[in-house]
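Sharing a structure, written as structure tokens. Questions coming.
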Amino acid sequence: MIYSADLQGTNHKLAVKGTGSPVPVEVNGHTYEVDFSAADGSLLSLLVMGRSYDADVVEEEEGVLAVWVEGETYRIEYQEEGRRPRRSTGATGHSVSGRQVITAPMPGKVAALLVSPAQEVGAGQGVIVIEAMKMENELKASRPGVIKEIMVQEGAAVGGGDVLIVIE
Amino acid sequence: MIYSADLQGTNHKLAVKGTGSPVPVEVNGHTYEVDFSAADGSLLSLLVMGRSYDADVVEEEEGVLAVWVEGETYRIEYQEEGRRPRRSTGATGHSVSGRQVITAPMPGKVAALLVSPAQEVGAGQGVIVIEAMKMENELKASRPGVIKEIMVQEGAAVGGGDVLIVIE
Amino acid sequence: MFNKILIANRGEIAVRVIRACREMGIGTVAVYSEADRAALHVRLADEAYLIGPAPSPQSYLKIDRIIETARLAGATAIHPGYGFLSENAEFAMRCEEEGLIFIGPSSHAIRAVGGKTSGRRLASQAGVPVVPGTTRDLTDLEVVQAVREIGLPIVIKASAGGGGKGMRIVSTEAMLASAIRATRSEASAAFGNAAIYVERYVGAARHIEIQVMADTRGNVVYLGERECSLQRRHQKVIEESPSPFVDPELRRRMGEAAVKVARAADYTNAGTMEFLVDPSKNFYFLEMNTRLQVEHPITEMVTGLDLVKEQIRIAAGEVLSVRQDEIRLRGHAIECRIYAEDPFNNFMPSPGRIRALRTPGGPGLRIESAIYEGCDVPIHYDPLISKLVVWGRDRGEAIARVRRALAEYVILGVKTNIPFHRKVLDLSQFVTSQINTEFLESWLAKGLSPENGAFAEIALIAGALYLHTRKRPTPTPVAQSGQVDSSWKLAARQDGLRRR
Amino acid sequence: MFNKILIANRGEIAVRVIRACREMGIGTVAVYSEADRAALHVRLADEAYLIGPAPSPQSYLKIDRIIETARLAGATAIHPGYGFLSENAEFAMRCEEEGLIFIGPSSHAIRAVGGKTSGRRLASQAGVPVVPGTTRDLTDLEVVQAVREIGLPIVIKASAGGGGKGMRIVSTEAMLASAIRATRSEASAAFGNAAIYVERYVGAARHIEIQVMADTRGNVVYLGERECSLQRRHQKVIEESPSPFVDPELRRRMGEAAVKVARAADYTNAGTMEFLVDPSKNFYFLEMNTRLQVEHPITEMVTGLDLVKEQIRIAAGEVLSVRQDEIRLRGHAIECRIYAEDPFNNFMPSPGRIRALRTPGGPGLRIESAIYEGCDVPIHYDPLISKLVVWGRDRGEAIARVRRALAEYVILGVKTNIPFHRKVLDLSQFVTSQINTEFLESWLAKGLSPENGAFAEIALIAGALYLHTRKRPTPTPVAQSGQVDSSWKLAARQDGLRRR
């Protein structure tokens, strides 16, 4: 089975060459012999060249895994060879074009709008403040652009993933 | 849904009268209004007349549940109305007849045979010793009878559930 | 002693109180909002009653509903935990009127010392140094005057403030007018009260607090200090006891000052005096928290006392179980507050369902948590989901231990600040305790990047194998039934494990 | 200090040692049998190597294989844990020859004091009272003679015995001959060695042991005692420290006796002297265990020391980190050994898969365990799956706490002796500590019946709802997304939770 994996913006090619354990796994052209054991649920134990790695994996959304290894958690988006790509995730999602879509990272309430339509914004500039769990959280533009659309008003309740602002 | 439940040899009739929560549940003719919440997996929380009960349930074999409630664990065999009964469980299983079938409660090794064919045995008399997890464990006849068959020899390895001795 | 206590709270502190009651043989009554039907405090309590919708003003802050529930359930005392109604004088008074025991100070004491300005007044009257500034609400003109007297930089604070909200640091005359306007408007919006006062801004200071405990017979003790300088947005992140900065002499002086303030307020039950301590070990009373603190476990671990049980005994009229001269601090304790938030995305809250949970084990650990695998972290409440508290023979062991424990702690489904804690614990400034209340913010200003990827390649492999084995039968080793050791007895001899 | 240690063990003790190494910054090498590929000690170690099939004689007892693995992995020291090779003088010697550090006493010391008869000899030479009896192996005739001298009742013990095997109590002349035969045959079968010796049978005595720790510079300390009288089949079930029976004077006398024996044997590292103590507080040396005990955590909790770290430092040539006069006992600790066995079916072992696991939390708990949800408890090894250890300010709090914790502990999939512990902890004889080594057996003789059914009806309902909801969508509360509190700010003020 061949996978394409996206980790923090970098793409990696993986190939699991067989079934059972140990199994050869190719990562970016380098092949490891991986002795692994999977318990019920999310637990994995990996032995690679004598080194032992404790891992825990949950699927946060289809194809997107949270992988805990030895105290560090990685969020990785996997695609099986020959499947069509899924939209990427994160607080501020962007499509391939210059368009930026600011979505609510969690359910909450619009505490403040920091921009107005047609306003120019710079990279890292705060555009909206969402309040949730007793904290105010500023969402920022990831790169320069112009405010195209503002879909919410101050005080409005928003659900996780709701589109808040569109920048072009 | 109506259930017949066997707990420590006593049979109980249960009826869950509806879906969702709270739901009326009838136990041996007495109906309770049960407010319950089931998390993923085995966890249950029950509120009955203001009392809160923390419960954890796993199915050990089909229809046989281990139910943990507030520190106590119960093993209960359930049958849905109109299903044919299952064989009961436990270290020494008996069929409805006077026949007793002594089975190995766990994988191990026959440390000692305490009886010989045609020998009379009394209730509670030890008939065979199984060794597992560094301990010797004596299996007893649950009621008087005569040794009909001995299917194993001393020193033999046995699997969980293997028939060891038949008493009539 | 009470035979039934209602816990007017949720989350880890409600669970903490329930456990103390269980160990004392006292019945427990939980209250819960619609968002908390499956919460751990509901599961663990003997009784549980719904008191309203998720928003706390309609549930956990509903005084009438809670008192009515106590009546209904036959509880004779109420433990407020922290937050919610714990410092609410009206709630304490209502309990007093209704003949219910409020497990905490009297409503009178809360009013006398709980308010920011009233506390400052009381402290300075008791001869305890306070941060230079005003001890009552001011008009805009009075603010300007006060600033002239105190000198810049100053902080304008909302009298009703809290949670790090409603404060503005002013370093130049020019900023003053707008800062006053801004603070007032924020204060009235946030706390429905535009009253403000002024304090000198003490910059490079430490935030160190003293735990006091007072019974109804006039006995008051202090239980050492807690170092709470590591804060983000004025919110504590990591606390430790004792403070590496405090020597026995300073501890005694601060402790005695705290006791003075408590006596001046006729204070009873558990309380905490917050102080600012400057580099030359001058300390200034900041405010008193008239209830149990989130970080109380570190004091329990070094003193060996159970503060919640002590609170309950005091409320039942018993005498303090220790005298000042019997209190010994042993070893060192550290608490990491674990929040459901994303440290790599501006600490964005991360509510949701706990999908995988593995808690660390072994020596010197204490976990105060209300989450379990499959539970939900609701959006409506504080994102504190667990407190990892460790004890070590000395500070070095405690630090090594908390690092070890954090590396074992698995929480998946929501994002947590565990990686943030791990980074902070590795900072030389933490290890040498060269810190003050501004340290964390200034360090964070440099920005925080995700795991550098020591295990990135392994994570990629693990994820692939996870997907891979979902489709195929997984090799899960099982105890080989039947295949039995042919030399049990030999092993039995060499193991003989049970004979120890 | 070592940079890599191999742990020649499995289960909770291997995990315990790995955690200590992690806190000391020492690399860890696990070894495992085919039955343990997914075991926790393999997961937690930095490296792990397969050393053979499930049966311990072919894996955890394979000296050559383990030493070869240490070489291969570049480990310079080996921690044997308890059981398996921990008291094997040959293994210690092999390590010495191969230039590996055996974390424990020298092979010489093991030989000098580890054997049952040699230990008795050494103790009496050192002037420490031993149970009257012989100090060497006997012929049948010598046994008869010895019995005449000592007087009945006596115990015939296998010199190589252990694990409660190979001993017979003889109360009448008539029983003697057959008892000798029986013990010899059982001994040769179980231990490949028919040698026996004789001790007077001390009936209503307590089993109390002293922890000693000795460095390589001639410093030896004792760390208080452990009360281990609660035994089943001569196997400890519940231990506590301090012993309610031991006063400071007796503690000092036993402690000094233990130190004497240790010095006489040139003993180094951790060791335990087992004593029988009769009702009039006379104590008799029984044997010395030349390694870490299963129940070492209770000593750690009352002394504040980490015995495993101390062992490692001593093995690295460091000086003991405490002097005798610095050792203070604080509070009270109790350990419950949790076994995978069925207390209601003659304590039948119960191997299998852990299907559900919820460990208790809160103050004063320590859980030493190697199980996790989904893991297997193999048939090949000791059924100890967890140690629940609690600390309390006094014995009363410790008892209340361990009861509370046992009521929270959920282990499903295998049967455990948790219900047994709960019954024992409720016995008045335990609460008042009116116990001896025979108490548990005699109490058990009355028979043990399952839960009386305080919650039977609830269990029936819970089970039915479990089956019921498997077929239908279950009402699982979720944080109401979107529906957001209209008065956040008010709540924010009254909560202000993070400001603590």
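Letters A, B, C and D mark the chains as written, and numbering starts fresh at 1 in each.
Criterion: a contact is a pair of C-beta atoms (placed from the backbone, for glycine too) under 8 Å apart; a residue touches a chain by one contact, two chains touch by 3 or more.
What you see is a predicted model, and the numbers here were worked out from it, not measured in a lab.
Asks: Taking a step as a move to a touching chain, how many steps at least join chain B to chain C?
Replies: So the least number of steps between the two chains is 1.
Asks: Pick out whichever of the two, B-D or A-D, is joined by more C-beta pairs in contact.
Replies: Looking at A-D and B-D side by side, B-D shows more C-beta contacts.
Asks: Would you kindly say which chain has the C-alpha centre located farthest from the C-alpha centre of chain D?
Replies: Following the centroid criterion, the farthest chain would be A.
Asks: Calculate how many whole Å lie between the centre of chain A and the centre of chain B, each centre taken as the average of the chain's C-alpha atoms.
Replies: The answer is 47 Å.
Asks: Distance from the CA centroid of chain C to that of chain D, rounded to the nearest Å?
Replies: Roughly 36 Å separates the two chain centres.
Asks: Averaging only over C-alpha atoms, locate the centres of chain B and chain D and give their separation in whole Å.
Replies: Taking the mean C-alpha position of each chain, the two centres sit 31 Å apart.
Asks: Which parts of chain C, given as residue numbers and ranges, touch two or more other chains?
Replies: Chain C, residues with two or more chain partners: 37-38, 44, 163, 233, 351-353, 358, 372, 374, 379-382, 407-408, 476-477, 479-481, 483-485, 491-492, 495, 497-498.
Asks: Where in chain B do residues touch two or more other chains at once?
Replies: Within chain B, the residues that touch at least two other chains are 37, 39-41, 107-108, 132, 134.
Asks: Name the touching chain pairs, please: which are they?
Replies: Between chains, contact exists in these pairs: A-C, A-D, B-C, B-D, C-D.
Asks: Provide the residue numbers of chain D that touch chain A in the complex, in ascending order.
Replies: Result: residues 30, 37-38, 42-49, 73, 353, 372-375, 479-485, 488, 491-492, 495, 497-498 of chain D touch chain A.
Asks: Could you pull out which chain C residues touch chain A in their complex?
Replies: 163, 233, 340-342, 345-352, 355-356, 358, 379-383, 406-410, 412-413, 415, 418-419, 422, 450-451, 453-469, 471-472, 474-477
Asks: Please name which positions on chain A make contact with chain D in the complex.
Replies: These residues of chain A touch chain D: 35, 37, 39-41, 43, 45, 47, 50-52, 54, 107-109, 131-132, 134, 157-160.
Asks: If we count contacts the way the header does, which residues on chain D are in touch with chain C in the complex?
Replies: 15-16, 19-20, 22-25, 34-38, 44, 54-57, 61, 82-85, 88, 160, 162-165, 189-192, 233-236, 289, 293-295, 297, 300, 304-306, 330-331, 351-353, 358-359, 361-369, 372, 374, 376-382, 384, 393, 397, 400-401, 403-404, 407-408, 476-481, 483-487, 489-500
Asks: Quick one: in the complex, what on chain B touches chain D?
Replies: Result: residues 1, 3, 5, 7-8, 12, 14, 16, 19-21, 23, 25, 27, 32, 34, 36-42, 44, 46, 48, 53, 55-58, 60, 65-74, 76, 78, 80, 90-91, 105-108, 132-135, 137-138, 140 of chain B touch chain D.
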